[in-house]
Amino acid sequence: MRLLLPSLTALLLVSTAQAQDLTAEVAHSWTSGGEAAAVKVISDAFTARGGTWVDWSVAGFESANAAYISRLLAGDPPTAKTAVAGPEVTELIAQGLMNDIDTAFHAAVPDGVVPQVVLDAITMDGKVYMAPTGMHAGSWMFYSMPVFEKAGITEAPTSWDEFFAAMDKIKAAGLVPIAWGGQSWQEGIVFHAVVLSTIGAEAFTKLYKDSDLSVIDTPEFAEAVNVFGRMRDYVDAGAPGRNWNDATAMVIRDEAGVQLLSDFIKGEFTTAGETPGIDYGCALTPSTDSLIFLADAFTFPKTGNADEDKAQALLAEAVLDPRVQADFSALKGSLPIRTDVDTSGLDACAQTAIELVKQDKIVPDAAMTLSPAINGGFKDAVGAFFADPAMTSEAFIEQYKAAFANG
Amino acid sequence: MPVPVSLRSVAIGYGSTAVVKDFDLEIAAGEFLVLLGPSGCGKSTLLNAIAGLSDLSDGEIWIGERNVTWADPKDRGIGMVFQSYALYPNMNVEKNLSFGLQVAGMAKDEIARRVKRTAAILQLEPYLQRRPAALSGGQRQRVAIGRALVRDVDIFLFDEPLSNLDAKLRTELRVEIKKLHQELGSTMIYVTHDQVEAMTLADRIAIMRDGVIQQLASPREIYHRPANLFVAGFIGSPAMNLVSGALVPKAGKTFFRSELGTFELPQSAPQSAEERAVIAGLRPEQIVLGTASGLPGFAAKVSVIEAMGPDTILWCEAESGVFSLRMPGDFAGAVGDSVTLGLDLANASYFDSASGKRL
Amino acid sequence: MRDPFPATARGQRPQRLTTARIGLYAFLLIAALFFLLPAYVMIVTSFKSMGEIRSAQIFSLPQMLDWSYWLEAWSSACAGVNCNGVSVGFWNSVKITVPATILSVLLGAVTGYALSFWKPPGSKLLFAAITIGGFIPLQIFLFPMVRATAALGLYNSLAGIVLVHVVFGLPLTTLLFRNYYAAIPVELFKAARVDGAGFWRIFYALMLPLSLPMLVVAGLMQMTGIWNDFLLGLVFAGRDNLPMTVQLNNIVTTTTGQREYNVHMAATVLTALVPLVAYFVSGRWFVRGITAGSVKG
Amino acid sequence: MVDQSGARTTASPPGRSKVTGRLRLPVAAMAALTPAWLIILLVYLGTTVWTVQISLTKSRMLPSSEFAGLSQYQRLFGTARWSNSIENVLTFGVVYVLGAMVVGLLLAIAIDRRVRFESAWRTMFLYPYALSFIVTGLMWQWLMNPEIGIQATARAAGLGWFTFDWTTRSDMAIYAVALAGIWQSAGLVMVLMLAGLRGIDADLWRATRIEGIPMWRTYLTIVLPQLGPSVATAFMLLTMGAVRTFDLVVALTNGGPGQSTEVPAKFIMDSLFARQDLGLATAGATVMLFTVMAVTIPILYARDIWTRRQNGRL
């Protein structure tokens, strides 16, 4: 009874306040603590606007995709689905399976507040199809202040030479230099951060956006391979297969010096009660002046149901709300997609990133520009290379290039 | 009501290999026919075909006035008893007996009546509530027979029903089956490889080899006048003594010449106008000890004496081979005795050496 | 275990605990250690606090028997915005497993029976095809099966997921029953036919009661497989029927955020509990069933 | 051939027709097999046809009908991960199947030596079979992690030389997967083998004891050959599992380190959903399918001939 009564009232309210039932079934893979809290920001905003949120969460991108694509094929898609704004969505758009939210988007977002690279990623044939929730920045380095102190490192390294010198010191202090998550997707993020640091933003875009393979043959790219390979000497025996959060825990427990990964690991530090600048530090990967960003967005399958179309527009409106953007980012550890939101509540690390976004010093992650197949090929190659010290740089570069051809 | 069974040009084969080809057999109403032969001769296959458990590739089967070639087993009016008893392990004796009747949709009281009657005939009353696993071999076989009996079938098919029983039980049940046949007068077809069963039970025996009937005749005829060497060798224990030789005509008489010597044949034996190679077959009782009988004889030495109780089998070694003789049970002799053996050529069988057929 | 030599036997009784005997028990003990170790770790971990897990050895006993993680795993562990633990999926799993197990076992029994005794034309081809089907990875079937169930109107429904399990259970159950029936004397079948019983009558009056041991074996194996399935349940069952394993996945496979290993382990044990209990309870039958049946390959 | 007593008694009755074709079809049996046929034809065969067809198209995330010839196969064999997967599944299959058979057989033999508390031992060895491969993988991931697992514990206990770090070594990780698989499946093999052992004639044991044949020889040369059917069943079930291996790898190593534990089923799954490469996935599936058929059909055929020879007939 206790349960029944409020829901009954809710039902009455909805049916009287609104003629139609704006129910949205939302598919996502954001199931962990911080993520779930972030999703709740959106669902609350949606509910506040009169919608009914039905949560369909499946942990693990792969499982979520399996279920989602199946439902698309069966002609019974959910109202909305989170995705990385990029080719995995564009194929669905090209096949005519997605609704655009062009009107809702422009009604909610004034011109010029969303960076052009992001706008490019969510637009197809002049229409906006996705409602971005925020972006994650790769090319980060998080480090343990106590470990640095113990090893006698005073400054965060800004070049790879400094970096490896620092790592040697940590090693000498009997600690693990790099907290390494030995899964190919994590290694892929690290490698691309290294690539960005050696070849620069322009070449990075040339390679991963325009598929200009000549970049791979440059000495700068070879240097990236070299730097990446050297990292093998600074990881512990338990690295292979390690989850990223287990790696983060090593930094939190001050057992390891640095972790190289995206900003989403910040949530771990926050959950552990650590404060940036005191317990841990954050910096861009050495020799880097740009961010590699990845935009998460809601996408909207065609459901053939007019009410659901309206629910989609309402959801897009909720997602793009500046307040929602700010709150969501704070919880998720990402950056707002809009430059006009109040970001004062975000931490020091995020402030650095926001500054770079404002200066347009951001390059899109390969996942936003190249097909999942090519990106998969990258991961395979990078994972194989890191796991096998006997693999030559030439062989690796060969396999890495093949990913483009085979993708 | 006993009915006749008729197999007409029956062929049975699996894939490309024919087990039985162009097979004809007429079984009279009320007859007890035994299909006898070594394993693999096709006798069980034939029985399965009569039962409708395996399909013909050619020919017809008639039971009574009906062509049952494609009839279901249940529509043929047959009951079958298997070597392995094939009792339903999950049902007690009563259920085993009544299952077929239930399937046929018979009224409950009629079923009970029949089960009672059958149980009485086969002395199964005390075991009706037992499962097959709790029965002895003999009891199981009785239930298996009862399962056919209870259904009042016209034809009983037995597939080596006694092979799994010990010697004593086998003899007992053999007599019971014989009695059953005498009481019921039903047509019974019985497959076995045991010649004693065949000899004791059959009205006629069909001796089979490689899917072909070698001889179809009464037990007496088969024993005394085997149609060919195969039958001669298969029937009788110990087996017929075989002596190769030749029939030689001389001065209007026919002589049998062999390594044992040349002997004149009496008029009752086959005669020949020209010399031909033959094999003489003599039952152990057709060889006698000593010369007193006046039969043609030869020397031999006793090598083994088998006392069987009612009679004694004597194995004697002669130059040309070993001979077995049937002696009375009280025979007194010793291994190593030198003896003279006499051949009863008048009653012996003679087979063509080349074809093996009886002359 | 009966002593074959009665104690009244004369003379010096030979030493029974020989070196070989000791070796035998030593082998069994080592094997038992190997088999029990993972379960031990999982269970002790489910009682430890996160601090304890981080600091202490995985083999050490928990400082205290704290059931709270079990409670959390059962009813309040979060997956996304839903914090209901694995319990929500429990009845869904039951609703999927019970009919799917019964149907697939019966289908396997009927198919195996028809293939073993009746052998209608094409039987060999069918059996070969079923056997090969047992080797095909399930993943390949997903797309076509989604289309097929959608066309039948069964996609995202209980009936749909049950159907899918029956379809994919066919190779295993058919193989088991065909082998089992191969060991049953064909005379039994012949006798029943002479007694006038037809296909179905022989099946339910004779073969089904005789297959009780194999029904247990196939039932247990299918139940385990279906209960433990994650992918098919996720794709075909629909949001309202998601099995327990999907909740478990949602709780355990978080891609970001703090990993509560104690809760994860408790949730894992809870999810595995039904098949485990089934094996503990009917393990004897399982062994007996296989002993009675599948000896004949 | 028939003798004088006259077996060939009657002439054929008039109007006797030659038997043609099979008239006595077991209709009910055919009806009962209909569901199996439907499943085989519609699902298994249908999927196969669909898979082969899609593998010849340019399909990416969703099925497309744009013909691409054999280019997906070209891509497939140009992908290092695919050949790695094949190699790995072979290594895994051999170690897992043989390992589970040997361990299962040894356990069965040990239990069959009239040990005390037989059912307790059996339960201990069989319970992993009730667990999914996912759970199995999770548990062993912990145990084999060199930093927290068995190795760490042993070293903490003073055994500094002790090393058990298979999951983190490219050259050993596939054996780690096999080990976990053996752990899960050996109990089932044990039960199958135990069934076979219990079916062996007790007289045989008496005979070997009287002849003084050592126990190990008896097992090796007399008992083992008689376990044929049990071995065949176990082999079949294990091989099916090995070819389909997916969950175990995902939970234990997720294919790593590097590609050292990638397997075809995972390649297909990844291509299907993570990489949205339906064409490549179906090409891989097709190759797998036909490999399985090429191996299975001759075995089935040989088995059929063998049993036919054993029975002397059908």
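By written order: A, B, C and D. Residues from 1 in each chain.
Throughout what follows, a residue touches a chain if its C-beta (ideal position, glycine included) is under 8 Å from a C-beta of that chain, and two chains touch if they have at least 3 such contacts.
No experiment lies behind these values; they were computed from the predicted model shown.
Note on connectivity: the fewest steps through touching chains from chain A to chain B is 2.
Among the remaining chains, the Cα-based centre furthest from that of chain B is the centre of A.
Central chain by Cα centroid: D, whose mean Cα position is closest to the mean of all protein Cα atoms.
Note on chain placement: the centre of chain A and the centre of chain D lie 40 Å apart, centres being C-alpha means.
One simple way to say how far apart two chains are is to compare their mean CA positions; for chain B and chain D this gives 50 Å.
The centroid of the Cα atoms in chain B and the matching centroid in chain C are 54 Å apart. Of all residues in chain C, those that touch two or more other chains are 142-143, 198, 230, 252.
Shared interface positions of chain D, defined as residues touching 2 or more other chains, are 22, 63, 148, 269, 272, 314.
Touching two or more other chains at once are residues 61, 66, 73 of chain A. Those residues of chain C that touch chain B in the complex are listed here as 185, 187-188, 190-198, 201, 205-206, 209-210.
If you check the complex, the residues on chain A that touch chain D are 61-62, 65-66, 69, 72-73, 88, 91-92, 95, 97, 182-184, 236-241, 371-373, 375-377, 380-381, 383-388, 399, 402, 405-406.
Those residues of chain D that touch chain A in the shared complex are 60-63, 75, 78-81, 141, 145-148, 165, 167-170, 173, 253-260, 269-277, 280.
Note for the complex: chain B touches chain C at residues 48, 51-53, 72-74, 78-80, 82-90, 99-100, 103-104, 144, 147-148, 151, 157, 159. On the chain C side of its complex with chain D, the touching residues are 1, 20, 24-25, 27-28, 31-32, 34-39, 41-42, 45, 57-59, 107, 110-111, 113-115, 118-124, 126, 128-145, 148, 167, 170-172, 174-175, 179, 198-200, 224, 228, 230, 245, 252, 268, 271-272, 275-276, 278-280, 283-284, 286-287, 290-297.
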